[in-house]
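Consider the two complexes below, in which subunit A is the common component and subunit B and subunit C are the respective partners.
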Partner chain A sequence: MHIEKVVLRNAVLVKLAGRFEFGTRNEYKRAIGQIVQEGHFRLVLDLEQVTFLDSSALGLLLLTDQNFKLKQGSVGLVKPTGYVRQVLELANLPKVIPVYDSVDDAINATAVV
Partner chain B sequence: MSGLPAGLPLRFVLTVPPVESGVEEARHEVLERLRSLALSDDQQFALEFCVHEALVNALVHGIREGGGSCITLDFEADDKRVRVSVKDDGVGFRWALPGLADGHAHDKADSTGLGHTLIRRLMTRVRFTTFSNGIIMELNRERSGQPTPKITPSGSSSPPGIPIEEKKGTCSPSGPAFSALARDVYAH
Partner chain C sequence: MLDTPATSRAERAPFRWPKSWVPTILIIDDDNMSRRILDTRLRATGCRVVQAENGREGLSRARQERPDLIVLDWMMPEMAGPEFCAILKADDVLKTTHVIMLTAKGETASLVKAFEAGADDYIAKPYEPEVLMARIAAGLQARALQRHVEEINEQLRQTNARLVEHQQLQEEDLSHAAEFVRAMLPPSGPIMPGVRLAWRFTPSLRLGGDIFNVHPITERMVGLYILDMSGHGVGAALRAVSTATILQAGWGAPLAGSGPIGPGWREADPAQILSHLDRLMPSGDDGEHFTIWLGVWDRRTGIMTYALGGHPAPILVRAGGAVERLGEPSLPLGFSWLPQSGHNATVTLVEGDRLILFSDGLFEAFSADGEPWGIARLEDACRKTRHVSLEAALTAIVQEVQDWQQGTSFRDDLAIMAFQVGKQEYEP
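For the complex of A and B:
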């Protein structure tokens, strides 16, 4: 999985690409851990280029959301496509973590939380 | 490729080295076989997802947490259904949960995790087995509204005439690479 981080206004945008799954969980953990260490607690995860997402990834997303909320922060997801969106919906994740159609929408919503 | 006839039915058995790379190679092997079936995109995705989840569950709960040493995947398909069972020899599920402990396969299970929840939503039928610490997943290939065919219990023989390909690997993590394992093809 490829992970790219961009600091934008009051949030950090993390673009994920490829398979987000059990086998790539540690890459995600390291990236998010670094963001937390840097003191950022408003996170936007761009999922547009994610091609596969499993229950390990769902668990990590829920854990990230929980941890960021504990720090009065927030997490938003952007543009999951195809079966990635289907898996998120099957797991009812959008009821817990908001899903946005664009990075701008997510940044704007995240900034006012 | 497999050396199997191009048409259905199809059956193969994989012994998966109990490490992440072994699980990954087994997933690729299944994907390759799925492409030989005339499945819809949704069916192909459902099977890819559920096989991945079952293998990871076996690795994490059966091998790492459950003290097991071996994962076996049994894949069977005909024109009506695809059935995949994944089992391990570890402790696995918490059988003390109500409805899981009487030694038979079940259609219901509680508190077995998000992966299992998604598997149950994507597959036509899911059963958990105590006697082999495994999961049996079945996807109906027929149109909705038609009856789901009866499936045979885990471990039973295939109907006569179905060729079985078996990849006998080692259960040792330090064993040979999955793709390099010896392959035996025989009619059952």
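For the complex of A and C:
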């Protein structure tokens, strides 16, 4: 999985690409752990380039969301496509973590939370 | 007088190799004087020297002494140089010995023959002693490198043997654990009057996070479930087995006993049980969680009460061919802060109905083009196979998925359990 971090004015944008699964969980945990340590409160996860997402990844997304909520922050997901969107919907995840159609939408929405 | 013990190794340059190594050199020459002169010079450099008068004797000394280098005369009675060399190089133990052949001057043909016989180097007689010493030094340095490589190879061989042994122990451990998990799974066939069961279970690694079971709760009530612990391998299997054990113990507890959820598991409805499991199996740092579908079936009324947490809804194939799904998308369990749906749903099962429980590994099998098999194909396969036996149906379904994957193995754990309602012999 490829992970790219962009620090914006009022959020951190993390673009994930490739397979987000059990075998790549540590890469994700390291990246998010660093962002948390840097003291950011608003996280936007761009999932457009994610081709596969398994239950381990679902668990990590829920955990990240809760960790940000606990410090009055927020997490937004952007543009999950095809299979990934299906997996998220089957797990009812959009009920917990908001899903946006664009990075801009996510940033604007998370900024006012 | 031949040795010069007072001279230290460092002063005996140009020979350079590890101090712990005393090279053994075998001189094979029928000329007594040549042998003795060379012997003296070599001893002075700190080498151990062995002599032989001809090829035949040389061969037996070589086998005894395993020399690091041989200085071999060409012309000798009783086995000349080339013949000796050919035998030496055919010997598995001795063939790597460095051989310097002493040839008569200007004999190009001899030189070619020397190399053909397997000599590593040659020097033409008469030679400058310094030149021969330099050639020997070079030969010994090559030998020192070779010894170093052999030592490393030996170390690697030993390390590898240890790793293989370690791996075997781990494999045995995993096998035992996998057998333990398998032994927890239900029997198949007519497991109780009016109920047939069949299942397939293939963890992607030796151990997986899927588990399912059917438990008689009372004579009238039957509990059944399938659960999928996130992750793979030992960690997921331990959590899955723990959860299965909790359910088994809970449903098996005496009716009057005050179980962990108040009035006892036997009276608890599926949503209550899920809410209890949600608290008992909290997520860790990896976001571990599980999805589950759990039902309690009343054999007298045929009513199945069920609840699910994040699990793909089972497929109910009616005797007439209609297909229903038992459950809506919902959140997985293990995250105490997430709201649980907390509600039960019911469906009435009658004779001939087939309930198929499965984990996502089944319909998330990918084709070579990256397309998942999908729930729609699974529903279709369940409908198509409703007239054949449960076992034959599962075989056909799994085969269809395998064909879809074109022979590649399942990435995820695979679990499917089929529950068929027969004629109910139970009379209230």
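Quick note on the criterion: the second predicted complex is superposed on the first by the 113 of 113 C-alpha atoms of A that agree within 3 Å, B and C clash if a C-alpha of one lies under 4 Å from a C-alpha of the other, contacts with A are read in each partner's own complex, and residues count from 1 in each chain.
We adopt the following convention: contacts are C-beta pairs under 8 Å (C-beta built on N, C-alpha and C of every residue); 3 or more make two chains touch, one makes a residue touch a chain.
Not measured: the values here are computed from a predicted model.
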Subunit A as common anchor, with subunit B and subunit C clashing or fitting: clash
Partner chain(s) touched by A:Arg25 [first = subunit B, second = subunit C, both, neither]: second
Touched partner set for A:Asn10, first subunit B, second subunit C, both or neither: neither
Which superposed partner A:Leu90 touches (first subunit B, second subunit C, both, neither): both
Partner chain in contact with A:Ser55 - subunit B first, subunit C second, else both or neither: both
Touch count on subunit A, higher of subunit B and subunit C: C
Subunit B versus subunit C as contact partner of A:Leu63, first or second or both or neither: second
Stretch of subunit C, among 27-35, 153-161 or 351-359, that runs into subunit B once the two complexes are superposed: 351-359
Overlap of subunit C and subunit B interfaces on subunit A (superposed complexes): 22, 54-56, 58-59, 83, 90-91
Residues on subunit A engaged by subunit C in the complex (per definition of touch): 22, 25, 29, 51, 54-56, 58-64, 66, 83, 89-93, 95-96
Subunit A - residues contacting subunit B, complex: 21-23, 54-56, 58-59, 83, 86-87, 90-91
Complex interface listing, subunit C residues touching subunit A: 228, 230-232, 283, 285-289, 291, 310, 312, 329-332, 334-335, 337-338, 360, 370, 372, 412
Residues of subunit B that touch subunit A when the two form their complex: 20, 24, 45, 49, 52-53, 56, 60, 113-115, 117-118, 121-122
